[in-house]
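Would you mind keeping the following structure in view while I ask a few things?
Residue numbering begins at 1 within each chain, and the chains themselves are lettered A, B and C in the order written.
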């Protein structure tokens, strides 16, 4: 249960600057829009990378017709896309935000879906089969020196720019993401990312589902981090209910998380090689991934969507062959991983394509909130498993892989090295799984006590978080997932300026985002 | 009654023979000449063994589609591995993944850009009927609301073997079609 | 070695005895045209099948197996399907340029194909400036690609066509330089004479170091000419959808597809003719018994074996390496291959002048 002090609206901007500068809260973990009936507000979760302290604050406005809050996107760059998301869901406009457009929904959508008095399924928004009109301008609420507000129009693309559409259906965007790219010959001048093509409205759906029902949706968010997503939600609910899971469950959850991480990194390798043209390496990665899927299928029943973690434990005990198969797999992978490096990492064409491309500085990584392999490649040690350990991670010894260069090659090497570290973690745990319950006894209807709760795990792509506000019901009042991919997409614009189109593909491949996780 | 043959699976083992026989009966109401029928057979054999899918995947089912092309399941054995990225060169579109309201016009446009004869396969619960996201405000409940679907492959996600079963059902459907002198499917002039 | 010119002369006399000379030549032209088209189609089918199987085996899988035994009928199914596809005409494309582009590519490819000697006496075009004619004819293919990109009136094909045009025109320089190096050694540009001169040993052995360097440069540049392998950025699927032939469907697309594989065959055929002896068997001067055994195997078997080995090598390269970016492709050509080619040319000239070759 976390306490969230409320800061009055007129002091908020100064308080935010104080938090950033005096208390060195430079990492904005989460920016969640809330509708508290009488007030519309925003909750900010901040962390300091220097001291490790975490703090949460909130602010709100009572004006429901034209809610306006001060923007913090110049203090933390992560707020850029997140404030657009809050505008999309609640209609809150942020003062001095340069680009106040909807993020996920069509620009002709009527209403704000996550407001409590708005029913988005009614007839105001039928299925429109014409494409939405492309609007090249955006509005900004500017604060005049005398305190009044003014609407200002900003241009996204000028008339004479050569704008090419990459996506939404495109083999290399790893999902349905649309980039509008302004080109000059082969060089990229500006990129505008359009998300929302796989926005399934999970957060609004969760408000009408019970907690066990919401678990079914988490696997489908970042489907290559299915175990880790469900682990985060189960951990949050268990913490709220005060349930202690047995050691056996902690060990099993950790081993499954690490196997999922290896699976995800192998797929990252395969897709990156396919994007860069080395098709044979794609098949190498998938061949070994199939072995992990066999292990998953025996215990959990599924290859991709596994439905394994439950509130209070896991769905079924591990299969008797599990330990033996995992050990065989580790031996196999250790023996064969040199092939991956022989065919791709050492190749001069691959290194020329990746070294020096898309450099992300450490300061930018922290400001955008780009966690996971991307952040660690830029020199920011942000592994949740090391700094805020959970499950059985405190009991194992592993290295946190950090590179300093911040270019695409560093991002690639971070993940290849993490595969080795994950195998080390599994090796330390696999022989010592303690006996115990695999599922605690839970009440048939789960009601989370009133309050705010949050928890984070290290997903395959970064820090995946869950934020719940509950009023004591069996459905949450507000449920928010801290996406691992949204910061990564928001920084594509910054690191591709001046690069070539081919570099955009390399950068997109090494940032390694999964689009359903961005759009939720 | 034409019984399309699929290598290594006998006709009786397919579960949905009734709808196939219904299609055959409708198409052959006016009879078919022997010569025209023989040419039809050759052309349909060619068309059914060379489906080039369009690379289209929105979410989780797309990963199973990639696994289908990978080494263990290998759809190249059937001849389907030439997955073209441009809709103008593709024959079938495997709609893998959830279709949202924002993506629906894009998908319709892709479908319209494909040359005839073209087929649509709805893969996974989300494309068949909305799946786990049926109650959402932004998800189209099934891609058949705006596209004519030929084969449905249920599952969340369907196993690669289920993909093959669906593709073989499509092969059977193509093998009973009339190519010369007949209309296979009435499309709305929408 | 069986001399096919005996056969062609007998056919010619047969025709002249039964009809006037003009008509006989006309009939011969038609026969030769049909022969070229059949060879072209057959070779394309064999090459595409070979690529699919070879790439499958590299990638730990099987490739086509279900359609006919070992998947041999797969290509016929693909061809039937391509025949029956609708040819979409775009509303806002330049109709004439859009329609004529695939034909230009195919015609350039066929003309180049007819220059290559398949066996003794089995040549279609045999001038004394054969090599020069071949280089000129193969350059016209780039016009088709540029027209395809321009005529489609769409952004992705235009970018793809511009990249492809820049790449092909640049790499023609390297192809020309490496062939020029060999012409210095051979002393003739006529293809039948080039192959006859290799009866005492293939040119890659006769020319030792500069010939080897020229061979490597020719293979790299030839690969880039056909838009394949590490140089396939213009049609890179993961970047520009499908490059310059994005907007083509049905048979028009089939023309581009076939022309790509035939160009690969032609590059390999020229490499095997100029460097590896064409239809000439492996002769080691001094070992007469060995040479007599080698002579038993007919010329076209040698030719096709050598060509398919080079094709396999190029396929191997394609399926292993990632692709280069366009500025890396152009800098490879202008900063590395052209200077090395020029220095190589000078070395070859010195070797020929001072008689230091075998």
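The definition used in the following text is that a contact is a pair of C-beta atoms (placed from the backbone, for glycine too) under 8 Å apart; a residue touches a chain by one contact, two chains touch by 3 or more.
All of these numbers come straight from a predicted model, not from anything done at the bench.
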Contact-pair count is greater, between B-C and A-C, for B-C
Note, CA centroid farthest from subunit C's centroid sits on chain A
Subunit A and subunit B have mean C-alpha positions lying a whole-number Å distance apart equal to 34
Between the Cα centroids of subunit A and subunit C the separation in whole angstrom comes to 49
Expressed in whole Å, how far the mean CA point of subunit B lies from that of subunit C is 37
Contacts with two or more other chains occur in subunit B at residues 55, 70-71, 85
For subunit A, residue numbers touching 2 or more other chains are 170-171, 282-283, 287
Residues of subunit C that touch two or more other chains sit at 59-61, 237-238, 241
Subunit B residues touching subunit A in their complex are 55-60, 62-64, 66-67, 70-72, 85, 97-98, 100-106, 108-110, 132-133, 135-140, 145-146, 156-157, 159
Listed in rising order, subunit A residues that touch subunit B in their complex are 104-106, 113, 120-121, 125, 127-132, 168-171, 175-176, 196-202, 204-205, 208, 216-217, 220, 223-224, 267, 282-283, 286-287, 289-290, 293, 303-305, 515-516
Within the complex, subunit B is touched by subunit C residues 52, 56, 59-67, 71, 73-74, 76-81, 84-88, 237-238, 241-242, 245-250, 253
Subunit A partner, complex, touching residues on subunit C are 55, 58-61, 155-156, 159, 163, 230, 232-233, 236-241, 319-328
Subunit A residues touching subunit C in their complex are 162, 164-165, 170-172, 186, 273-280, 282-284, 287, 343-344, 347, 349-350, 352-353, 500-503, 505
